[in-house]
Amino acid sequence: MSKPDSKVPPVTATLHLVNKTPDHSRFAECLLAMGQGDYLLLMENAVVAVADCRHRLPPDTGFLVADARARGLGDEPSEKGPQPLEYADMVRLTDRFHRIVSW
Amino acid sequence: MDSTPAAGLPGYSLVISGGLYSSQAPATALAFAKALVSTGHRIDRVFLYGEGVSLASALNTPPSDETDWTRAWQELLTDQDIPAFACIASALRRGLLNQQEADRYQRPAANLADGFVIAGLGEWVQALADSDRVIHFPGGA
Amino acid sequence: MTDSAVLVVIDQPPYGDWQGREALDMAFSLAAFDRPVALLFRGPGVNWLRPGQDAGPLGQKTVSRNLGAATIFGVEALYADTTSLAHFGLRDMEPPAETVSPDAAFYRSFSHVVQL
Amino acid sequence: MDSTPAAGLPGYSLVISGGLYSSQAPATALAFAKALVSTGHRIDRVFLYGEGVSLASALNTPPSDETDWTRAWQELLTDQDIPAFACIASALRRGLLNQQEADRYQRPAANLADGFVIAGLGEWVQALADSDRVIHFPGGA
Amino acid sequence: MSKPDSKVPPVTATLHLVNKTPDHSRFAECLLAMGQGDYLLLMENAVVAVADCRHRLPPDTGFLVADARARGLGDEPSEKGPQPLEYADMVRLTDRFHRIVSW
Amino acid sequence: MTDSAVLVVIDQPPYGDWQGREALDMAFSLAAFDRPVALLFRGPGVNWLRPGQDAGPLGQKTVSRNLGAATIFGVEALYADTTSLAHFGLRDMEPPAETVSPDAAFYRSFSHVVQL
């Protein structure tokens, strides 16, 4: 099972938690607000973004497996694509990042 | 679940502002809270705000074959001895009252579920000061 | 498609809130009273039609079983917006739905259009 | 307000699915309903669905310098003798109970405001059949 | 005070009630669904669309005066722009149109 | 701008729901406890800053009076997104706010960012 990179991010970096669909204005706002070293976690309705051809997701993107499976989306890690995460992986992320923004 | 917080791990507070059926927030927050507990983290407090206060009604009555999120949260709060607050301003407007507020405003009943306390936004400010991480679970619409 | 049918629209993905389920209940209710009704999945709502859903780990019931019974219970038609299907990379649909590009003429073919 | 419906005007039903503080729906619907009444229209029924059931709680306690939308609606419903229904499935999940449902599910209290009745979606289907116009006031998020 | 045209619309025409901001996906969906003879009524948060330079509103558009005044928006009728409507004007619209769709 | 300040974001117009008011209450609460806090108006939320509001006919209290007191009550700064102001044709702001183009660096200058 793939895990978020466990090295500690720079103190300025931000973990972005998004639970809105890609059609919601907050989704695009979040992508605009992402900087170097940031991580994007897709939760709840936002997981449908992994199948959405309209948005290019940042390299450091994960999605909650439980939300994805519920919505019939694969949980196989891909070489470059978003990484499947369990809730415990989400805890590892929130442990690592000092600044966590919910969108 | 392991209920002994490990030293060196950050302490958490959770803020839920998404409603019970208008969002997935209470459910996601519960799954995350359980993951925190099972990985040895401390949860300092839970704060319900805005539509999020809907979780704390003792009258929520889902069909018997559906998850009762209020009861599921109550179990975690009790097991782990986590204080949970519902913002008083959000709660009163949305018809969530403890006995004291029901008496004060002469309303016919109280409906605050056991395990939750009515309190001011000061509890949220305190969470920002006390906890290493404050994770917010908003509505999703 | 009956010209006096009610169209119930679902435009949010399943499981994120109760809106889609309550829209579905409206459709089933109309069908139960023998009123003609159809469903349209539009925008992120097309994700209701994705095969292989399992909401058990979320503590919810999987909606596809309900939805699969729609036509059995008297829902006249299931429609899915062609553009939204493409956006979300949906080729197979479960249950199958008729693809449409909803425009003024499409919506006008119904007596009522309900969007929660 | 003139409460005698004029002949030849269409009859109305109103559906409110927007929540009390998560949307403006109950307020807009009230202003529209008053305009209907003052122009001599008949309002057959009001149906609360989804988050809209929040309007019908007897425990809603806004600050005294804010509009009490539940009371304002109750006054119109009583004055004009308009039947108002809250969908039972929406209501029970969201903690809105009349005495009968509170007893049935052994909940500690009932909180349905006077003037509102708990009923099934059949009342909505009936509104579509009976009323010339069914106007829907959804949430706004 | 300007009023919606009182002639009866064709039976196929639709009155569209929109209460979402122009940034909400339903707003654009509504504009796409409008046909000949339709009327667009901006309500609640949707009234900010009268000041929004991004959307071209259809010629037959009205907005609720109470919602506009609350949000500091003018209620003067303009030659071509959206027409200010009281709730009683909204009733005249809903009387005239047989098909009314809320977005 | 203090680097440990909390940023509270408002991105919906006033009066359509209670979200903005409850966000404002959060900001005022922080200020009351002497915690540094700033407000950002973004998207349709910039309409909070439009002069001449009167919500009386809606049965609500006008928010601009509250908002005007923000700096008096200790809110450190009011920011408004430049692009959103242009979208909604806002030139005058009441109360005045500092225009910004919020990007990663902007959000990173705050210890917490709160969006209801």
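Lettered A, B, C, D, E and F in written order, each chain numbered from 1.
Just so it is clear, a residue touches a chain if its C-beta (ideal position, glycine included) is under 8 Å from a C-beta of that chain, and two chains touch if they have at least 3 such contacts.
Chain by chain, the UniProt names read as follows: A, E = tRNA 2-thiouridine synthesizing protein B; B, D = tRNA 2-thiouridine synthesizing protein D; C, F = tRNA 2-thiouridine synthesizing protein C.
Keep in mind that this is a model prediction, so the values were computed, not measured.
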| item | value |
| --- | --- |
| Co-neighbours of chain B and chain A - touch as defined | C, F |
| Number of hops, chain B to chain E, where each hop joins two touching chains | 2 |
| Intersection of the contact lists for chain C and chain D | B, E |
| D-E or B-C, whichever has more C-beta pairs in contact | D-E |
| Remotest chain, chain F as reference, centres from CA atoms | C |
| Chain E-chain F separation of Cα centroids, rounded to whole Å | 28 |
| Inter-chain centre distance, chain A versus chain D - centres from mean C-alpha coordinates, in Å | 40 |
| Residues of chain C whose C-beta touches two or more other chains | 12, 15-19, 43, 58, 60, 112, 115 |
| Sequence positions of chain D contacting 2 or more other chains | 21-24, 50, 66, 93, 134, 136, 138-141 |
| Contacts with two or more other chains, residues of chain E listed in rising order | 19, 23-25, 44-45, 66-67, 102-103 |
| Every chain pair in contact, whichever chains are involved | A-B, A-C, A-E, A-F, B-C, B-D, B-F, C-D, C-E, D-E, D-F, E-F |
| Touching residues (chain side chain C, partner chain E) in the complex | 11, 42-43, 102-105, 107-108, 111-113, 115 |
| Complex interface listing, chain D residues touching chain C | 17, 49-50, 89-90, 93, 120-122, 124-125, 128-129, 134, 136, 138-139 |
| Chain D - residues contacting chain B, complex | 19-22, 50-51, 54, 57-63, 66, 92-97, 101-102, 105, 107-111, 139, 141 |
| Chain B partner contacts - residues on chain A that touch it in the complex | 17, 19-20, 24, 43-45, 64, 66, 86-88, 90-91, 94-95, 100, 102-103 |
| Residue numbers on chain F that touch chain B, as the complex places them | 6, 18-19, 22, 25-26, 29-30, 33, 35, 112, 114-116 |
